[in-house]
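Alright, structures below, take your time with them.
One chain, chain A, appears in both complexes that follow, with chain B as partner in the first and chain C in the second.
Entry: the complex of A and B
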């Protein structure tokens, strides 16, 4: 029943969506508003039907309807509810359904509240968006129906791919889809503008749509980057999934479009450029979906090789041919004023930026498809690795940052040089300061210093441009600085949003240089209690714990991390072994200067293999990304100037905008908390265990046979401090050995002190009698001493040298041989 | 396919069909009659030599006031005349 209704729903949606496109087309042909209204009703109806379909699928997931193949493949009874919800888009079928829904939803949003500028473009834009949505709905219905039934419903589903069990699964795919889907709107508006001959109006009409799509796409990429950092073990730049490139390319072209649109709105320039960019953005979105569904690119995102790819390829071809045919046919509209201001002007800098964005896109495209192309041509895959990408795109990014530093300084060509001379100094100061402080912090090296200097120049310019404007306004209007800032920003949102984006990009560049050029990666093998020195960090492997969860076995290594031999935190990298797959979850200790990042690569009962990364300036990546997106949000927010409305309507909108902002902010904070919040395998205790060579923490204990003992009493003598408990089996094992060594060494001035982590004196006395313990025994009342020594479990043994420093540490039971060897080495000195 | 699913499908389709057809349910003839009526009115007015009255008719639709003191045109919500300063309300 459920699966049948679901299939009927999608079929109905397809029919209605096709009808809607046709009806709107008829309304254009016959100039009949009733057809237009009916067509728009069709868009509304399709959205409602597909929304209903999504709810049905969600219902199927929540009620474990495993007779539906898609549910059986991507869910299981044990799956937490939030992951069941996210399983909606975990596979190809569901994600296509979601895509279709969002696509038609965007068409609805476009027609629901059209601005004066969009109105004349709406009919054709609706036809185009309707056709695009119909394609996706059709593909969903005929080629990958999420409601397809299994003949025999299994008792339990296969569960979600373990790699996808992460909060990122909630936020990353939907925001990417919103970005992808959103880019179809500017495309549709641009084509409508071409057909109706309003080539200068579409960029303004599409501005906020492009910005919103750009913002969501950027957010999706950003969250994806963080997710990969958090789970996949940080493949590194370009070593990430090639499909991320598929998301990156339309983001580049959309960024270029946002810049080109500025020039078109100001000076009617770049008309052809903008059309080409908007077509490219949309086609690259389709290309991205094509690559994930064709098996063309090997990746975690791939949904497996399927016939779907060919349909997407055909659709891409259709869009390309159709849109460029339109451009060619209406080329006479595009002849605008081709006043060239020369490269040394703002317009020239914009041109250079556009060219760079396009060459970057082409480079990434070539790099992503090269393995497949070479495979087809010569049957040898040429893998374009990180080095290839670095060499090809590195200089382009460098040039881009240089343009970023200079572009805002350039006005019209006539004044360019003068302005450069008078307003160029913040760029120079920024460059020197950033490169200088990077060099002082130890990030030397020719390439990275050039990169830091460029980033500093761009940052200096961005900050100075804002400061000049605001200070100027605050002088002119005699407003306080903050008020001037707020007014200035709310009047010119796009401009200051842009500066903020540039500033975020600068931080991003700093982070990229740090993590790309100065990262340290190493592998260590440790047995319990052993320590390893990596850079400034000392890692001590404490123990390995295994735990059976409902559907996987969790193996967790506990590692105490010290920086400059001072206790920092305890890291717990782990490996989760599911039936299908094992997933390594790294432990991360973030810091301003660098992140300490530890992956449990392999384990055996006697030792573990750790991959340790030190990623400098990684925090700048996230901070930069955040500021960049915030800049986009500033620009997309409706400016007060733009909307002239009656007071009541304005107030209503203000309330609605505020509610929307609060909801979006809450979602973002939830995403941020889930992905950047506490945890990530690092939990700091108050005090860490002293490392060998460090002074032993002071203590005072009351002994069982009366009298007290403190660290000062042990001066000049070798001491063995054994933390134990009567309920601990491995303590019982080592007690006889300790007693016999004590008997052997008591004549040579060695003090043995057993500290029992138990407060019941009678039990401890009983145990002492049972094992015949004759060395000093004390109770650790309130666990004060064990806390001071950073003891995390029993038994642990500290050997203290005559100077009162810790000489040896044993986490877990100590063997007689080890202890004798250590005592001999201390006494022999 | 179960009878229930078919019923749900048909119901959905009917509902959507009715919604899509709604713009057409206001018959075209009504618009035509209305337009014919306006045209007839205009023609009659023209024959009666009342062409000049037409702007006044539209003016009556949008209430416009004039200052009783100086005759300057003022907004309906204005409290003072912008020309002479006479209080209007």
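Entry: the complex of A and C
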């Protein structure tokens, strides 16, 4: 029943959507506003119908309707509710339904509140968006129906792929989809502008749409990178995977479009550029969908092979041919003011930036499709790995950052060189400071130093531009600095958003250089209690714990981490074994200088294998990305100047904007908390266990047979400090061994001290009598001493040398052989 | 020379430089993608080049020494062309047939890393690395795909070094 209702819903949506497009088309042909109204009502109706379809699918997930194949494949009874929600778009069918819904929703938003500039473009834009939405709805209905039913409903579903069981999966795909569908809007507006001969108006009308799409696409990519870092456990965040690239390419062209649009709005330049960029952005979105779904390109994100790809290929061809035919047909509109002011002008810098964005896009495209391209050209297949991409794109990024550093300094006039001389110094200072501090911090090597210097130059310029601007205003208007800053930001949101984006980019570049050039990766094999030295870090393997969760077994290693031999934190990388697949969950200790990233690669009863990654400056990467996105958010917010409205309307808008701001902010904070919040397998205790060679922590204990003992009393003698408890089974095993060694060594000036982690004296006495313990015994009241020694479990044993330094540490039971060997080595000195 | 001409030249220079970067890196850092059969026809010529080879894993051949760590295993020829795989009944069928075909070309792979979880019988392995003079393939990277019950392909990156 549910299945039929769902399928009929999608079919209905397709019919209404097609009708809406046709009605709007007829309204243009016959200049009849009634058809237009009817068509727009159709868009509203389609949105409502598809929204209902999504809710229906959600309902099927929440009520475990496994007779629906999609639900059976992506959910199970045990799945937590938030993952059932995200399972909605975990597979191809559901994500296409979501896509269709968002696409038509954006058409609705476009017609719901058009600005004066948008209005004349609306009919044609609606026709185009309606057709795009109809394509997606049609594909969903005929090729990838999420409501398809199974002949025999299984009792339980197959569950969600364990790698997708991550809070990031709630935000990453929808955010990308918002970006993808968003880019269809500027495309539709541009085509409408071309048809109606208003080529200068579309960039302004489309500006916020482009920005919003750019922002969501960027957020999606960024969350995806973080998800990879968090979940995939290869120490990286960007693998130049074809599908990652598919998201990156439209983001590049959209970024270029945002820049080209500035010039078009200011000087009516770059008209053809902008049209080509908007077409490319939309086509690359479709290409991205094609690569994910065609099965032609092997990738992390591939949805498996299906015939879907060919339909997308046909649609891409149609869009390309159609849109370029339009550009050609209306090319006379495009001739305009294209006087440019030469290389060293702001416009020149913009042009170079556009060229670079396009060459970057082409490079990534060539890299992603290299096997196919080389196969066609030479019948040999070459594959581009990360090294290929780094080497090809690296110099282009470098040049881009250089343009970024110089561009704001170049005016529109021919006085560029003089301006450069008078205002160029912050760039120089920034470059020297950043490259210098990087070199001092040990990040040497000329490629990275050049990169750091370029980033510093761009950063210096960005900061100086803001400072000059705000100080200028504060002098002119005699406002305090902060007020001037706030006023400037709210008056010129796009410009200040841009500065912020550029500043974020600078940090991002620093992070990318650090992580890609200076990262360290190594493997260590450790047995319990053993330590490994990796760079400045000492890792001590404490123990391995296993626990049965509802649908998987969790194996967690506890690793005490020390930096420069000082206790830092305790890392718990783990392996979750599901029925069909195991997932390694890395432990991460972020830091400003570097991240310590540890993966439990393998384990056995006697030892574990760890992969240890030291990722320098990774924090700059995440921080830079966040600032970049925040800059986009500042730019997309309506500027104070744009809103000049009646009081009542202004107030209503203010309320609406505030509500929107709160919702967006809440979502961003939720996404941020999910990705960067606590729980990355690192939790620091107050005190760490002393490492061998370090002074033993001081203590004073009341002995069971009266009197006290403190560390000072042990001076000049070898001491064995054994933490134990009467309830601990492995203590039972080692106590007889310790007693026998005590008997053997008591004549040689060795002190044995048993510290019981218990407060009931009678029980401890009972146990001591039972095992016949004759060495010194004390109760650790309030666990003060065990805390000071960083003890995490019983038994643990510390052997202290005559100088009062820890010589040996045993986490877990100690054997008689080990203890004898250690005592002999200390006594023999 | 006018500003516009200078700009055009600068733009063209960038385009030419990028074209050069792409061409030269395709010659040097890109991996030559081969099937085992093609690799063996190349003979000595293949030694020392960056290569990507794919094949089906023979479960019994997997030897793992966790103390190094190092894993060695043998892969068997599977067709490189996705359409050919499709015609032969899909990836799972092709992998199954390959492993049970004693006459198919084989390649021994040495991978100095932790044994990936997905390395098991009839998995598809895509190995990147170089052919040694001893005829064994020294992999820097092993990507694995198993026909799983999940619809999505198993992420490659999980196995990247």
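Methods note: the second predicted complex is superposed on the first by the 811 of 829 C-alpha atoms of A that agree within 3 Å, B and C clash if a C-alpha of one lies under 4 Å from a C-alpha of the other, contacts with A are read in each partner's own complex, and residues count from 1 in each chain.
Just so we're on the same page, contacts are C-beta pairs under 8 Å (C-beta built on N, C-alpha and C of every residue); 3 or more make two chains touch, one makes a residue touch a chain.
Because the structure is predicted, anything quoted here is derived from the model rather than measured.
When the two complexes are overlaid on their common chain A, residue A:49 makes contact with chain B while staying clear of chain C. In the superposed pair of complexes, A:525 makes contact with chain C only, with no contact to chain B. Within the superposed three-chain model, A:9 lies in touch with chain B and out of touch with chain C [touch as defined at top]. Set side by side, chain B and chain C differ in how many residues of chain A they touch, and the one touching more is C.
Legend: residue contacts after superposition of the two complexes on their common chain; A:715 is shown touching neither chain B nor chain C. Contacts of A:698 after superposition: neither chain B nor chain C is touched. When the two structures are aligned on the shared chain, A:38 is found in touch with chain B, with no touch to chain C. Looking at the shared chain after the overlay, A:566 reaches neither chain B nor chain C.
For chain A in complex with chain B, the touching residues are 1, 4-5, 8-9, 12, 16, 19, 23, 33-35, 37-38, 41-42, 44-45, 49. Here chain B touches chain A in the complex through residues 1-2, 4-5, 8-9, 12-13, 16, 19-24, 26, 28, going by the rule given at the top.
By the touch rule above, chain C contacts chain A in their complex via residues 2-4, 6-7, 10-11, 14-15, 17-18, 21-22, 25-26, 29-34, 52, 66-67, 69, 80, 82, 86, 113-115, 117, 126, 128, 141, 145, 148-161. Interface of chain A with chain C (complex): residues 73-74, 90-92, 158, 161, 163-164, 228, 232-234, 236, 239, 241, 295-296, 298-305, 339-343, 345, 348, 351-352, 355-356, 359, 362-363, 366-367, 370-371, 374, 380-385, 387-388, 391-392, 395-396, 399, 521, 523, 525, 580-584, 601-602, 604, 607, 609, 611.
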